[in-house]
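Following are the structures in question.
Okay, so chain A shows up in both of these, paired with chain B first and chain C after.
And then the complex of A and B:
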């Protein structure tokens, strides 16, 4: 029934720690360009310089400030994750709702398609596509969304099927409401918490995927990315740079994944009564 | 010996207007039959009676013909007709005391026709009059009294005696029971029905519909001087065909009906004739409402006279005059062929998995009636109601709504059908979205159909609807969510939502189950008002027989997925036929299976004998010192009692 969705969350350590991390990283993402003392592509510094007051995390092999690189890399990773997560969610919601509401033919086609896509490893397709077509990040995010909607769509479809047969929706139908009206006014709001959870899961996966692809060198090398930083840092592994060059991107990436995971777990706990009992 | 009225019209003339009191009346008064004339005041009932007696005032202009045995009454000279008046055609006037001479004793007055018409000597006449009055229940002791010394009932009897004294062929009774107590009324009714075997042609003018229904062989319904419907005996309440007859019947306080009195919307009009100074100058009639100040206020009714007050009227009804046509056992003047059927279910059935929730069922809902579906839980009431509302599909059978195939309609133009059917669901809390506040819930159908121009109009309508169901419409309440309201309020919100589009059919599944009696009373009154004002048809599902008795025109009883009895509420509850209905009415459930005879422990008793299964052992007595058990056997296992002779069954 009608609940205060965030009431119980306030005392949930998962949620609080996730929120804290997310705020911190969010702040870095928002204010990164303002806070960065240098241009990320400025190569005028002494390569491989150790951390100093001017360069908090030192300078990399190309003469670029590592701290600034970190700020911009984080931004790109987060942006990619959000875009892919958002696109996947919209796709999944549209398809899941349509399958549940219209049923029959639409349901069968979409759900079989989902089964097929679930069987294909998204990483493989993505690597192949990135290697062959060198797409811009947004296209890659779209491709990722196109490959990963099925699990969310199936969840939304299942939830919508439950809600669909509630009496107030039948009543609305009896009153002459159109399909679009029922879906928008009644079905969509009914599944609200589910979107948050699904979005968090997809975004987390997409962020990790972005770092992976960048690490593998499948993105434009001039594009700042946490994965790319790790990949370059590893090349100079024999120098004593691991703590100021390799560790920071690994650490930030881990924090990012943790933040999103914690939020997702706490939301899931909050809104899925079965999980609530189990935990 | 019959009296035939053909195309009779009467206009009361004044300076430049005419009041059309009777318009094209065709009527036969047949010997041995009672013709009851009913209608609201001002419908022309008394005018017709007086016209037959030629007692109308000077300004009355009479057209048409009245034939008594083929001889026209209207053409006779005053002297010729005087010879007929009272001897062949007599009348008992309304307001009896006023038509008696206050300074003559009643015996003289009753004897007067004998003296005047038959020329009998006075003592003989008085003797005959005395006999006749005694036969009508006036003891001799009263004969010498003056009118003011008699009660209303006694005067009525005296007037009847006077009217019948010359043994006329045609008797006109104008409100013979108007001011009488029930005992006297039934006595007078007995006298009137005794005229039938005497071969009299009786015209019974009355507003006592129950009397008309029980006494009349033919019932003529008059409205604004026109015959609206002619019915056979006993049809007035139970099978009226004209909406006016139905509404009239609903307005009458019947002895055996528990339903609240209805009424007819609007007021009766008078029909004025007037010539236009300009224009073609021909006289024609307009319906003018009695309170309309301006004489020339045109409210032209070119069509059916009842059109402005009829709840099932369509555009067409206002266009051309309607003729009186044969219908069933009588005649009917209605463009739509009488009361239309709003919903027609033919052999609809529904099965949920292995359960036959509804056996093939026929059900017809007439426009403007309240049908209560009663029965116990699981009897298929809700299933039938939801099929009627179009919410559930039927497995088989046909559904027609307003004479159109409902299933086709549902497929092709769902929305326009939804506008005509309002539904109140059984569980109000489930039937509203918990995400919408009161204002949004009630506004939803209005928003869907977009009939109102803007949000302000919708808000106004929402407030109006909430007022109808006795809920506040202040901003604070409008912003509340269903879970913040009590169940009764949610139920009323559902009802308001169902009524939002002014549907012509309301299917309500226990719509007042969560209301306290005082609110329920108000809400039901409101619904019945909608029935009268808008002709709302109501399919009301309830398990509360008392409630059904109070609001239903008809009651349908369901049991185990089948309709077991249906009929007028008074008949179904007053004289139930089906045993299940009888049990429902008596409030008793089906009797539990009879307990096994004999000792209750016999089945498990190790020492049980044959007698234990047949006879109940003696109960424990009142002796405080005795060790007692309820058993046929003593400690030694012998039977204590000999079986009664022949008691072994």
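And then the complex of A and C:
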């Protein structure tokens, strides 16, 4: 397992195409503000102007450059996905490992809590929270993480239970290592590939959620977002703007979700022992 | 451990499960009761702030007092049981009626989407696993993985653009032609015509997951010794494939089906909004836009309780599909 874990990945076309797409989009995210020729909130252009050399994708109804909006919208979606995915993963890892390591009542309490959360539709709560409290995106991401850690925590707990009784851990326990030391030095690194899979899955879900909430108009309308662009552009479908205004955010959003999906699928194929022979 | 102990262990487990669902339900009901008091913003502001009607201070205070009446928790619970979920502020109709009017459309849309994508995905997944390594299988897996990467916002918008706005083959909104006075038969055709685009969007969104899941579990089942036995007995391939192997690959699909059915209302939210389909999702969306508290409360509570009910029901279904589960009880 520790011998060249990425070896097989290098020849997996899904992993390579996912990585390629992710790098491309990552570049756009990093360099977006530098490459953007205008301010995203600059409303001084001719509304609904067609694409030209000055405005590659034209101008929207509010007189803002669509290409620049696209760059900033992508950034926001990616940032939200990463934040929510990362927070959910940290929560899930902490809770899953604590439940597996300490067992007993800690295990029982956390897992029953997980069951209750799994039975509550996260989307509903998120929609209500977004609609009424108008939180900043980061707190919404935190809320999403608080609602979606259980599935990953259960996976991590199951894996940690297996690892828990391996001999090197029994050995270090017998040598008097503290709980914290064993968890941090042995348990945490042992489950490494699982984090990647879980993070990719959670980030995908969160990006999807961000686009959905933005599309429904549940975010601050001045915050640039792919979903919001789609919903605005859809209002002007009767004008001939669909190819320069509606299609780009749809396309970029699809590329983004695709990149994460490909990465998640190929990582899962490579590292999930149950799927090892199946795929 | 003797038999009785094992039995009581299982018994305990089952009751813990139901207790968890009940606890979930209690939390949700209490949250929905508390929600209006927790929320900033109010109906009076939302309704009159941007209208041309100017309220005197007295009217304003009266309206605010009227709209902020709250029953206590006991009354609220009784009301829930009697389907008395309050009046919608914006539609001026009972909440239960609005929900029950929208529900059939959501059930029709999401139900048929799930049924179709399950059947298609299961069949294709079983066949793909059976033909593992072949060219058709590789192509199918590739196609489905790409589809899995397409968000339903994207497919919904694309289908709407091409087939409704550009080609004009399908209507762009609604669930039926209004005021059309059609005979039963042509009314059904009309409903199907309106259903086509949102249904296609949802099927495209659900199909890949079902396919990939079935394929993976079927591949694993095919490696089990009992499949080899069935083959060795000389059973016809179709019988081995469906009677023996596929039946065992069905369980993860049922779990998925339950989860998806449970989250039906929210699952169809985006698609209903894109295609302006008059289901619960669209109702919730307009309720949020109008700050129509009782309606939001009603929909959130209704759909959450539906999730819990489906979860409990699902526990039962497992037994029928997998005798091992029934035996374990």
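The working rule: the second predicted complex is superposed on the first by the 278 of 279 C-alpha atoms of A that agree within 3 Å, B and C clash if a C-alpha of one lies under 4 Å from a C-alpha of the other, contacts with A are read in each partner's own complex, and residues count from 1 in each chain.
One rule holds in what follows: a contact is a pair of C-beta atoms (placed from the backbone, for glycine too) under 8 Å apart; a residue touches a chain by one contact, two chains touch by 3 or more.
Small disclaimer: the values here were computed from a predicted structure and weren't measured.
Look at chain A after the overlay: chain B and chain C fit there side by side. Of the two partner chains placed around the shared chain by superposition, neither chain B nor chain C is touched by A:146.
Of the two partner chains placed around the shared chain by superposition, chain C is the only one that A:127 touches, whereas chain B remains out of contact. In the superposition on chain A, contact of A:262 is made with chain C only, not with chain B.
In the superposition on chain A, A:168 makes contact with chain B only, not with chain C. Comparing chain C and chain B on the residues of chain A they touch gives the larger count to C. In the superposed model, the vertex angle chain B-chain A-chain C (Cα centres) comes to 110 degrees (nearest 10). Once chain A of one complex is fitted onto chain A of the other, the partner contacts of A:196 are absent, as it touches neither chain B nor chain C. Contacts of A:181 after superposition on the shared chain: chain B is touched, whereas chain C is not. For the overlaid pair of complexes, the smallest distance between C-alpha atoms of chain B and those of chain C rounds to 9 Å. On chain A, the surface touched by chain B in one complex and the surface touched by chain C in the other have no residue in common. Chain C contributes residues 16-17, 20-21, 23-24, 27-28, 35, 39-41, 145-146, 148-151, 153-154, 157-158, 161, 165, 212, 216-217, 219-220, 223, 262-263, 265-266, 269-270, 273-274, 284-285, 288-289, 296, 300, 303-304, 307-308, 311 to its touches with chain A in the complex.
Within the complex formed with chain C, the chain A residues making contact are 14, 112, 115-116, 119-121, 123-125, 127-128, 131-133, 208, 211-212, 215-218, 227, 230, 234, 237-238, 242, 246, 250-251, 253-254, 257-262, 265, 274-275, 277-279. On the chain B side of its complex with chain A, the touching residues are 389-391, 414-419, 421, 423, 425, 427, 430-435, 444-445, 448-449, 481, 483, 497, 501. The part of chain A that touches chain B in the complex is made up of residues 1-2, 166-172, 174-178, 181, 186, 189-190.
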